[in-house]
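Next come two complexes, and both contain chain A; in the first it sits with chain B, in the second with chain C.
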Partner chain A sequence: MVDARALPRRRFDARLMLAGGWLLVVLLAAIFAPLVAPHDPLAQDLMLERLPPFWLPGSEPGYWLGTDSLGRDLLSRLIFGARIALIVAFVAALAACIVGSTLGLVAGYFGGWPDRIISRIVDIWMAFPPVLFAILLVAVFGTGLMSVIIAIAVIDWTRFCRVIRAEAMSQARMDYVENARIAGFGRLRIMVSEVLPNVLPSIVALLSLEMGIAVIVEAILSFVNLSISSDAPTWGGIIAEGRLSIHQAWWVLVFPLIALFLTVLSFSQFGEGLKSRFDPVLR
Partner chain B sequence: MSACLDISNLSATLPSGQRVLRSVSLTVQPGEVRALVGESGAGKSMIGKAVLGVLPPSVRIVEGAIRLEGTDLGALSAKERRRLIGAKAALIPQDPLTALNPSRRVGPQMTDRLVHILGWAADKADRRVRQLLDEVHIREPDRVMKAYPHELSGGMRQRVLIAAAFASEPRLIVADEPTTALDVTVQKQILRLIAQLQQEHGTAILFVTHDLGVVAKVSQKVTVLYAGKVVEEADTPALFANPQHAYTRALMAATPKYTDPQASLKPVDESVLAGLAAEIAVADHDWRPHG
Partner chain C sequence: MILQRFLIRLITMAITLLGVSVVVFVIIRVAPGDPIAMMLPPGATDADIARLRALYGLDRSIVEQYFIWLSGVVQGNFGTSISLRQDVMSLVLSRLPATLELSIFALLIALIIGGPLAIVGAREQGTAVEAGIDVANGAALSIPDFLWGLALILLFGVLWPVFHISGRVSPRMDLPFVTQFYLFESIFRLRFDLTRDLIGHMFMPALALALPLAAIISQLLKISLKEVMTLDYVTLARVKGFSETKVILREALKNAALPTLTLIGVQFTFLIGGTVIIERLFSYEGLGNMAIDAVINRDLPLIQGIVLVFALIFVLINLAVDMMYALLNPRLRHG
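Let's look at the complex of A and B:
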């Protein structure tokens, strides 16, 4: 007999590699930002304002992606912006994931009144338009990294809750769950040891997708100037500034958009790739 | 000596009030195999689920008692009942493809109950499971225990489930159509295996099936069920030699004969079913749940 796992596993997964590769670049840049960034992201120099990127005439060596209208180095600002983007992505997505998945698991597996209560809360929650809700929350909590994270977690836990509830529900009807009951196990234990492993691939995929969404929401909040203090370089903030000078310096708008686009796409693709790799039946 | 399983006068209803079990009584003595035969929908799996404490929430037991080694399951709290069933009974399920958790390795799924419910040491449980895998003729216990269920064939998974059922030394095993989902060529091996382990371990089995051929092979006693009602109960040889009830005879007549493939398949005789339906209608009319 052939070990079925040995065969498809060796397949080179281009999607997973490319997405993971880009995320690793962003992660390393964020962690080692002070070492990697060629300049101080806040240092202004009006002599160097609106320098174009390195391949265009008039560029200055050392300022690879050019400078903005205050003469700040764009690459350095993007690198420091990656820090904030990733902190928000990881912390906010993880918080939303833990809250949403736990409630979804309980609602789906236990059914009955826990399900009715949790599902009603989710329905009410989803009636709010998410971005307006985020802006409202940040306005209440005040601007700052922490309130952005809280706002994203508070809005997006429902995404986890709905998906995981549906999956846990179909798991609860499975024969092996009944067998565990017959063997004498309690419901909480069955939820953790029989149901959770089967919904884990979905949780991982959603978590990764949610990190991408968190990056977008953070960018939106910075764009409307409701995120971190306006000095700190955030991708959304840079995009907002770039918008004002699009005719004189398009690069200030385009490069953060590319960074944002690649990062969000990579998160969602990375999650899908991980999901198919985690699932013992699919792989 | 008290019976291993004693079901007395058990009735169950759906929310609509319709009875799905009609005053069923049956016993399984220690070390005995009792077959529970009937067409689909006769309530035979329902009895198995009632014994194992996993009836669907919509089905309600309205009268009667189930005693496992003399203990009335209805008199226990939910938690005590679960513990008792976990320690004394086990299931050989119908469909080996869905009875194992696809995301967990086979080994831990087999030892879980021994370690966490019966409180065995991990290495003792491991030895025990290996021994049982050997008894079901699995030659590479290491590979099988490390495998995920989808890496094993259906017959292989059913062997694993049989080994798991016997591993905890239960007093009673409910075998719920254990060969129905399997390939015909594998069915015979699996039946032989269950019979062999049953004799070696002296475990009582409630063998749920619709197949009279299987009944003749494995059981000492038979209960024939129709629409949740016991229509006949007998020693297996006696039942085949001299079926008493018209329904039993009709059921036997409807069983295809491998020796005569030309004979057309006959359904169970209509007039017999009509007689049974009338009998049940009268019984339901007079029936009131007692307590």
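Let's look at the complex of A and C:
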């Protein structure tokens, strides 16, 4: 049994490295986009429309991943698109995390009527189809970065709330909480200084997972043309274009799709890896 | 006991639906942008605008509008779509069958992929086969249906075009149907040429929806199977000389299936939620696709109707799962 526990630890580290490595690449590309992008992501050149990627005949040097139907450089658009993807990922996921974890902690630890009210709201939220909810909210708030972030946070706080509530509930029944109470600690203090640290590994894992989800939701919103302004390069926007010109220029769909696949997979694996590192039981 | 549970669930269900209706009503009414302005020709007079506002009840207060709408909904009247100028209820009913067929087809695919994988994984415990299944599950789980849909479009729509990637049925097909349940009806009418065409259109979006669920089914069923397989009665079956596959199929599966069934219920609602964007991606004429158009056109009555129908489906599935669990679980049955 001891060996069985040592073995997955090493595997987790490899996947933590791989996932973290890719996320670092995306992060650096996003931060230094103007320096690393070979071209202006908005510059159109109809002489260069639908150039294939570099290894295919007909490609132009300097346009590594080819161009779209307006002759815009695909690699540069992807690099600038990473900016929007990561801003949405970090801000929206963090907002959802703070709201959801706080409510979950309160509901799970205090129980009683706060739990009943919060759980009822979660039930109502779960009865909405999430994608439709997101589209509806962005349509209401108006397109733009801020609306996308708000929409994701408004919808996805329940993911945190449900998990953290269940965990806080089981923590609240443990001996150490009872001991703290006997020692004279107030309930709020126990919740923050005793229960919270024990549910933190789950929060971290969920947060990483949620960042991946936020990237997807942003892509979906861009896909239905409801995200940021329509000419800003976003991964979802590039995908929407690629879907239209799929028979003439498959690469416009393939490369953003690969970027999304790797990013989403990395966020979820990174979260799992972090959780197993921090989890006192697994450690 | 079960009856009491059922009644409590019915009441919470009603509260949830009421909550959904309030939330969606409030969100839509605070939205800037006038739906009436969008449907009028440029030369409309103020009197025209006022008359149209009154027609759709938009000249009253929000609270009044809500109760007028709610009293209609209770009688099955969801109002009139602003963009399509038809009864919302009949619009929803004309699209709902397409979405239901797609969702159920996807659920079947998920069961067909996930179930056998779980059984193989449980039989080959600790081998490379099980590890391989785990890796495949992990990948299928972390990638959402939207990305699977795009990947499938590339693979089977462009690279190796064997399936349709757009629409519900080929336009040249001549449809003899009286209901909107095309797939079911084509089978009943023995029009297998149509069945083939429908499945050819449905398979890609359904597979995209099914893959994450298949991974969940396979993962959870495998864990339950492995647990059950350490129990005495399974060992007894082994001692009797049954093969391992037979032991799983005849003895373990029955008892391991319950937790998976419960989970499938919740996950099935997620799958149906996913149809919204998957239908859009594959230009499939279902309810979700119509919902996105409704949002873009600011068609308030239609949005409300569609959201409420989705919510109703979700709570009904949860109710069904809960009741099934109560009926199947021996501990609750005799409790």
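Everything that follows uses one rule, which is that the second predicted complex is superposed on the first by the 271 of 283 C-alpha atoms of A that agree within 3 Å, B and C clash if a C-alpha of one lies under 4 Å from a C-alpha of the other, contacts with A are read in each partner's own complex, and residues count from 1 in each chain.
Assume contacts are C-beta pairs under 8 Å (C-beta built on N, C-alpha and C of every residue); 3 or more make two chains touch, one makes a residue touch a chain.
Bear in mind the structure is a predicted one, so any value in this text is a computation, not a measurement.
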{"item": "Partner chain in contact with A:Leu35 - chain B first, chain C second, else both or neither", "value": "neither"}
{"item": "Touched partner set for A:Met47, first chain B, second chain C, both or neither", "value": "neither"}
{"item": "First, second, both or neither for A:Phe261, with chain B first and chain C second", "value": "second"}
{"item": "Contacts of A:Met174 with chain B and chain C, given as first, second, both or neither", "value": "first"}
{"item": "Partner chain(s) touched by A:Phe185 [first = chain B, second = chain C, both, neither]", "value": "first"}
{"item": "If touched residues of chain A are counted for chain B and for chain C, the larger one", "value": "C"}
{"item": "Intersection of chain A interface sets (partners chain B, chain C)", "value": "none"}
{"item": "Residue numbers on chain A that touch chain B, as the complex places them", "value": "3-5, 174-176, 178-186, 189, 193-194, 197-198, 200, 279-281"}
{"item": "Residues of chain A touching chain C in the complex", "value": "120-121, 123-124, 126-132, 135-137, 139-140, 142, 212-213, 216, 219-220, 223-224, 226, 239, 243, 246-247, 250, 253-254, 257, 260-261, 264-265, 268-269"}
{"item": "Of chain C, residues touching chain A in the complex", "value": "12, 15-17, 19-20, 23-24, 27-28, 30-32, 138-139, 141-144, 146-147, 150-151, 153-154, 157-159, 269, 272-277, 280-281, 288, 291-292, 295-296, 298, 303, 306-307, 310-311, 314-315"}
{"item": "Complex contacts: residues of chain B adjacent to chain A", "value": "52-54, 79, 82-83, 85-87, 89-91, 93, 95, 98-104, 109, 112-113, 116-117, 148, 150-151"}
